[in-house]
Structures are given as C-alpha cells and as structure tokens.
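What follows is a set of structures for review.
Two complexes follow with chain A in common, the first pairing it with chain B and the second with chain C.
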Partner chain A sequence: MAAARLLQAVVPRFRCLGSLGKAAPSTSQLSSRLYGTLLAPEANQQMDPTVINDKLITEPLRHPDFFNVKELFSLKELFDARVHLGHKKGCRHGFMEPYIFGCRLDQDIIDLDQTMKHLQLALNFTAHVAYRKGIILFISRNRQFGHLVEVTARDCGEYAHTRYWQGGLLTNAHIQYGTGIRLPDLLIFISTLNNVFEPHVAIRDAAKMNIPTVGVVDTNCNPSIITYPIPGNDDSPQAVELYCRLFKMTITRAKNKRKQMEVLYGLQNKADSS
Partner chain B sequence: MAGSRLEKLGSVFTRTRDLLRSRVLAEAQKPLWFDVYAAFPPLREPVYREPRQRYGKVKDVIPPILYQEDEIRATFYEAYGNGPKAFELSRLNFKSTCQRFVEKFNELQKEGKIEPEKLFEETGKQLLAEGIILRRKGTANVAQQTRQEVKTRDIVLEMNLQTMLEERQEQKQDQEEEHLESTDMMKENPLS
Partner chain C sequence: MTLRLIYTTTAVQKRNVAASGPEKYTEAFIKNQIEEFNLGKRHLANMMGEDPETFTQEDIDKAIAYLFPSGLFEKRARPIMKHPTEIFPKQKAIQWGEDHRPFHFLFYTGKQSFYSLMHEIYGKLLDIQKYEDHLRAQSLLAENRKLINLIGSRWLIKEELEEMLVEKLSDHDYSMCIQLLERLVTLPCCGIEEEYVLKFRRELAIQLKKMVIEPLQYDEQGVAFSTGEGKRKTSRATAVIYDNGSGKITVNGVDYLYYFPVMQDREQLMFPFQFLDRLGIHDMICTVSGGGRSSQAGAIRLASARALCSFITENEVEFMRQAGLLTADPRVRERKKPGQEGARRKFTWKKR
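So, the complex of A and B:
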C-alpha cells in the first residue's frame, strides 16, 4: 500500500493502482486502458473478412490513376527513345492510319500525343492485373530483344515466351499440360509480328481464350484485336528498352502496393481476433 | 470452365459479359481482368475488322510533313551534295552543316540587306569565313567527266566492223610471226 502511494506521488497515472488493492470490478477496465491495445475503436467495426477483401480489391478501381503510372514516362522521354519513328509508307497497315501523325520523306511518324494516352491506359491495366495477382506473359518474336524481354520478365516475377509458338499452347493447354493448368491473365506483346512479318498467332489465340492483350503496334501491324494497343516503334533498341523498363516498374509497383495493402488490412484483421 | 472462342464476333469483354449474364459462367468464375476493364475501358473497343484490300487508286489520307526550311535544304543538297560532315544520330542535339546553313540563311533573310537571288551564295561565303568548306557537287569533276564522255563516245562511234576485222587480222599475223620465230629458234637450238 505504501509502495502504491509512493508510485501515485511520482506518477499520477498510477492513481488507479490504489484501487487495485480493493479489487473492485471496474479496475480490470482501467488496467486494460493502461496496458491496452494500440488500435482501439476502429478495429471493432470491420469484423467481416469479406468486407476487407472487397475493400482491398475494389478500392483501387475507384481512383483514375491508383498506381500513378503517369509519372513513369513523359513525351520527351518517348521522343528521345525514338518511339515516334514508323516504317516506310509502303509498309503501312490501313488500320494504323488514325495513329499516324504524318509522313516525312516517305517515313511514317507516329502521333505521340495519342501514344501517351494509350500507354497510360495500358500501364494502368497491367498494374491492376498485377495487383490482383494475375499471371502476365511477355511475348516477343524479335530475336534482337529476346534476351532483354526474358530478363525483364524474370525481374518482375512474371513469365516470357520469346521462342517458336506451338499451335496449341493456349487453345489446347488442358491436353498438352494437364487439366488443372492456369492460363495467363494478360499477354504483353513487345512486338506483335512474328519472324515472317505476320501477326503473331498468340493475338488470335488470346482473343479466342478471352484473355486481354496489351501490345506495342508499329505502323505495319494490325491493332484491331489487341485490347490495349500502344502505337509506337518496336524496332529501335532504345524504344524496346523503354517499354521493358516501364512494364517492369509498373508490375513491381503494383505488387509492392498489394503487399502494403495486405499488411495494412492484415493488421486490422489480427486486432479483431485478439 | 466455359468459354467463347469466337474472336471475330465482338470484343473479349462483350463475350465474357454475356457469358456471365447468361449464367454460363458463375460469379465465382469471373475472370480477374473483367472489373478492371469495366472500370478502365480502352479508347477503341477491340472488335475484329477485316483488312480491306484497296483496289485502284489509293487515297493517301496521311499528310506529308514539310517545313519552310525544306526549300533551303533542297537547294543546299542539290548544290553541295551530302555536305562535309557526317550525321551523328546518337547525339540528340546534333547540328549538321545543312542545319547551320539553314540558320545562317534565315538570319541573313531577316536582316534583309542582301538581295534574295544572292542570299544562297552569301551564306556559302559566310560559312567559308566561319571555317566550313563546302564543295560544290560536280564542279571539280565536271571537266574530267566531259572529257571521259567524249572519249567513250568517240570510241563507240569509231567502232566499225571493218576496223575490228582489220585489227583481228593484224593480230593473227603477229601471232603467226611469233610462232614462226619460236619454231625457227627451236630448230636452231637442237642443231647448236
């Protein structure tokens, strides 16, 4: 008792200790307030794990640019990476005409203002798919950049296919690889053409299997079936390096954000249970 | 899992949406990307379009990119060929001789002291003063070229069948004489 009084004199907080000796029922509440939980009132409200899951997944869709992909690139960066350079006039595909700015001495110049918008949409989409733990497959049949694409995919923690595309890879997957196979949720084409300058088979296969595609379309490519086309140069090394860097950054950003959000809501989950 | 493999019949989104609506696909089987696409659709719906073959005259819808300086550049390249300095495309702020010429030309034009017909020569002279030597395309070699052309033309004109036959006969005679001499030598040698 004397010790308790001494403590009260020194630290006024411990006044309630005096009441400990009396062993009143209210003391337990007071003691819990002293040595109590960090998150007090909010934790009690979100009891339902499904509600948290919905918040985790649907919350990002309400923001126009949740992952802030706009800051990753600028018009000047695209210009310096020669993204605006297309092929010659004779190689032009009819459906690429709306994306072309003009023709300088028979070489097509791609409209970079449009490219900016398309690139922002495409990066935003990949970020959201990566956030939801989707499987992403990089495809490029351009032998000059095959290694770069594979390295990019490995650094993201995703997958790449830069070799010969076997016919039934997507359409016959359940027979070729077994019944429980999970197909990719997004295909990213660094170059939509194959070695014979024809559209890659995977574009048509992805449309068949209801898988969305993101692809860099040059002036000699067909952008009709690609879900999120990005009109731009797919032949210059600087341009391809830029695309690989941008995709890698968006995917890592999205995955880190997912971990952050899980930890945030995970803490609240633990607080509920304790 | 059910799916629709008709890639030419509407977009990926419309087909999946209809499968969900008709309850062929359960809500739990809804693909990952569906909500994301619904929230952020692309600028153009990815519907299949048949690439049309264009017959006859093809209208070029895309405008050519031309600048006012292109006139000056055209006269420069006609007069001086490719220019003394090679293009360094790895540098982004590179200025070629043609570009310097164009800038000088515009400066002189703005000043307005020189007549427009003499502007071209004046800029050439001023660049010479700054240290850039511009060789006129073909002026150094024009005389040689004309001489060579004259020679070849003369040869072609002079090439008659008669003269060619005469030359061939002469050559044959020379060869026979040489052969006779060599045989004479052969005869003499074993004797000696």
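So, the complex of A and C:
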C-alpha cells in the first residue's frame, strides 16, 4: 500500500512517458489544483523504497516491447477474425483513408499491416498503464457486445461503461461523485461510435481531461483525437471477441508481471541490505 | 514539459460550499448520536417515572408531547425525539478503497447497482439460451419446457425497485428492466432461474368480496324467515321477510299504505317481489330511520332484496344483481361550494 501511494506521488497526471522518476512535490500539488485528482505525496520517503520504485518504473520503459505483446496476435488471426472488413465506400470517413488498403465491390478493406503496428503500440501502452496500476475503462455503445465487454472488464479487474453516457461523468466528476474521486487513466473504446453513429462523447471529454485513449476505429469513424487508434472492424462478433481477448490477456499479463517485479526487487533489496 | 501556474484569483481556489451537496454524516457521528439517544431515552423514562427497560417509541412521543407542549400547526415543526437512523438520511458508504480504485466494476456508469442488475439479468438470459441450444442439439427441447407461473403476482413497482437498489431510477430505466424480465420469462426453459425471477414479483392481494347468502332461520311456529339490511342516502332500514304470508308489509309498526301514501314509494317496496313473481307469498316487517320519504323507500327495497336472497336459487340472485336490486346506491348529497349558489349552480353571470 505504501508502494502504491508513493507510486501515485511519482506518476504525474498527464502521463508523459518522458518525465520519469519522482515528480517534485510542487508540480504534483500544481496538477492537483488544476486537475484535482492526485493525492499530496508522502513527506517521509526513505531511501530504499525510492530506489526500488525507480527501478520498478524505469525498467519496463527501457525496452520497446517489455511485455512481448507481439506474440499475442498474428496477421492470420486478424484475417480469420474478419478485422480487415470495413463498411461501404459511401460510409467512409475522410480521415480513415490512410488506413484503408483498398475497396472491393464498394466495401472498404483495412490495411492489416498498419493494423498490426497500431495494435502492437496500443497493447504495449495498455500493458504499461496496467503495470503502473492505472484505472482502465472499457467503453462500447454497441448493444450487441455490451455484455461481452462488461464481462471482459470484470475478469481483468478493470472497469466498463456500456450504457448511456451522462454528460458530466469525466468533466463534472467532483460534483457528480464527490471529492476524492480518481478518474480513469486510460479509456479503451471497442466501438468509437454511439447508437446514432456519431463520435462518442467520451473521446472529446478524455481529450479535454488529458486522459489517453485507445480505440478500435472502423472505416466510418474519426480517428483524429484518439491517442492510439486501431484501424479495424468493430461490428463482427469474431473481431470484437478477438479484441476483448487480446486486451484481457495484456492486462492480466501486465499485472502478473508487476507482482513478479515487486517480489523480485523486494528480494534484491533484502539481498543488498543483508 | 512542466506546467507553470501563471495567475489565478482566490475565487477559483475557494471551495464551492453549495456544490458539495447535502451534508455528509460520518459513521462515528451517527454512532455517537445513537448512544446519546439511548441515554436520553433512559433519562426520559426516569423523569416520567416509567421503567427504562420497557420504554417504547410511543411512550417517548407521548412524554415529549407532555413535556414540550407546542401549539404549532405544522406537525413536522414540533419537537421530536426519534432514533437517529430515522432522522439522518441514509448515506452511501464511500465507494473506493485506499488506493482510490472504486470497488464496483460499473462504478463509472453512475448507477452501478441498477446497471449491475441489468447485467446479471441479461447474463441469466444468455445462460438460459445456451441451455436451450444444448437441449435442442439433443432434440430434447419439446419435453423439457419449464415455464414460470406468473398468475396471482405482479412485477415490482418503481418505488420498490428503488428501495431494493438504494438508488434513484428514471421511468425509462424501470421500463427497460421490466421489459428485460418479461423477455426472460417468455423463453421456454426459464424455469431454471425461477427463484431469481420470483424475487421481482409481489403477490396480488385478491379481494373477492363474494356475497354471503345467509341460510333461512325458523321461528317458533316453524315459519321460515330471513333478515336484510339496506341504506340509501341517510336512511337505514332492516327488513324481516316471513314465508307463508299474504303480502302484508308493516313499516315501523304502521301498515305500508299509511306510512307511504305516495304510490311511487309503494312501487319501490314491491319491486323485488314483483321481479321474482313472489308478490302474495311473503310477509314483511321492517324498521327504517333517517332520510326522507323516497330514500326510506329505497333503503327498504335494498333490505328486502337482500333478505329475499335466502329464499331463492343462485341464478335468481344473479338476475337480481343484474337488475341492480342488490347494489347500494352510492349517490349522496353533494356539498355546496363557496362562490357558487349550490353544488353546481353558479351565480348569475352578468356581462357588465
């Protein structure tokens, strides 16, 4: 628990991976005044826990693919799950054109090579967020898969929101929930559109609150504001099951890795001190 | 890149007291209040000279009304002494742990208990469908139909559901929930989840006021008789009908020809007998009080019809009921309203 509190003191609110190590108390107080979510850091910090926490946090950031998410999926798996199938040419969004491979009989085909790259980046990012004990919120307004997404979130130990989005959930959280609430640190969109085929309000709100987003964008979606878009199909059941499985595996993997590392560094510290 | 605070006013930093919502009572505070209440209860019992052990809430209310007499009209403004759980509103416990991660996985939806209930019900629906598919594959579906018996019960109303979930619901949410439950109940194999579904049903209190037909009584000479009561407007009547008679009717000790000089009232008295073709067969002795001439006649008519039910068959009772002889007339005098001349009559309207 002490490690968790120190960790929150260390990780600044806007999640730049470049700014590592412990933030100075003044900046975290600054962010708490402006964003209002972070606790004040503990005043009494001993030497050894800070060293351990430094290592715990900096170590994964040295490797491009620390959690080895590349092995979780292959091009063939994506193809079999029909991830490459997009909507018709008339539904195409202008900003999705770079991600589209081509058009066959009026149906858009998404470029799976680009999808592989984006998926690897997104899964890597979620793994890092889960490793550092961030709160992840799954969002999908597709009624066909709402139950599946909720079940996935519950199995990971994270949170889900597949219902009507109340306007002030992120931006008005202190009044709706009370003070002391911690907002999600990552939003994962299984479908970026809501029931009227408009971009989900949460994309804009997350951008306003400086919360990074990962989202599966289909050919009729707007990928511009999403931090880690994943061009791919969001309507086939097989594709959505694949995404849920992948996210669940990465998050559980990252959490297990975190436990392992804590144990490892705990032992190392004991070995060093004795 | 770090953010630098350039300039803010104190207005931004001042806490918005109004926006913090209703007062929050900590658990320690409530516990304190409960201890104080119990001590105060014992003191009050001693003051009133009662036994502190058996001092109930009604005794407390009476004692407070005696010790602090108040002439205020508003009952809620008078001094009260009740258990703190009734006074301080129930608060939801803090929903997140030490590391500030919420406990419930649907916390960020805002209505976590309601949506988790919907999630659960939908999960059960999917389970039932899977079970049905399993049976259908082995072609055993036709034999294993298990339906839930919904007769004599109703779904929870919105207030009861809100009470169950400790959360405010909107009408739309409630209707969605009931629709989902209805959908679950229509599946052929829903019997698997019967006890779960019955949690959302309440028994209907069926009030069938069946008319009790009194059996015939016999007096000393062996003559069958029966009694009946009736009312109309402010009149109350009791009638005793004897068998083996000649159609004599006595009202308040006086013959009916003298008591009701008007033909219309006597026709009212005759109506039940005429309807059943028993005009010269029965004797009647009745007492009536209150009301005027017409309402007394109506009251006796009802009383005699009710008394006659003992002499006749079930079908004839049904015919009488259909004819309106057994229904008490609910019409009473409507009060006069201020600003009008009568109950409905308005004052004369003058254009200028």
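The definition used in the following text is that the second predicted complex is superposed on the first by the 220 of 274 C-alpha atoms of A that agree within 3 Å, B and C clash if a C-alpha of one lies under 4 Å from a C-alpha of the other, contacts with A are read in each partner's own complex, and residues count from 1 in each chain.
Here is the rule we go by: contacts are C-beta pairs under 8 Å (C-beta built on N, C-alpha and C of every residue); 3 or more make two chains touch, one makes a residue touch a chain.
This structure is a prediction, so every number in the text was calculated from the model and none was measured.
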Next on the checklist: In the overlaid three-chain picture, which partner chain does A:Asp108 touch, first (chain B) or second (chain C), both, or neither?
Outcome noted: first
Checklist entry - With the two structures laid over each other on chain A, which partner does A:Gly180 touch: chain B (first), chain C (second), both, or neither? => result second
Checklist entry - If you stack the two complexes on chain A, which partner ends up touching A:Arg163: first (chain B), second (chain C), both, or neither? => result second
Next on the checklist: A:Arg143 in the overlay: touching chain B, chain C, both, or neither? Say first, second, both or neither.
Outcome noted: neither
Checklist entry - Can you list the residues of chain A that meet both chain B and chain C? => result 133
Checklist entry - For chain C, which residues are in contact with chain A within the complex? => result 1-3, 5, 13, 19-21, 94-96, 98-102, 105-111, 115, 119, 122-123, 126
Checklist entry - In the complex of these two chains, what residues of chain A are touching chain B? => result 58, 61, 80, 89, 92-95, 97, 100-104, 108-109, 117-118, 121, 124-125, 128-129, 132-134, 171, 185-186, 204, 206-212, 222, 224-229
Next on the checklist: Under the definition above, what is the set of chain B residues touching chain A in their complex?
Outcome noted: 3-7, 11-13, 15-16, 31-33, 35-37, 39-40, 42-43, 46-49, 51-52, 54, 60-65, 92
Next on the checklist: So in the complex, the part of chain A that touches chain C is made up of which residues?
Outcome noted: 1, 4-5, 8, 16, 19, 27, 30-31, 33-34, 39, 133, 135, 137, 147, 150-151, 153-154, 157-161, 163, 166, 169, 175-182, 184
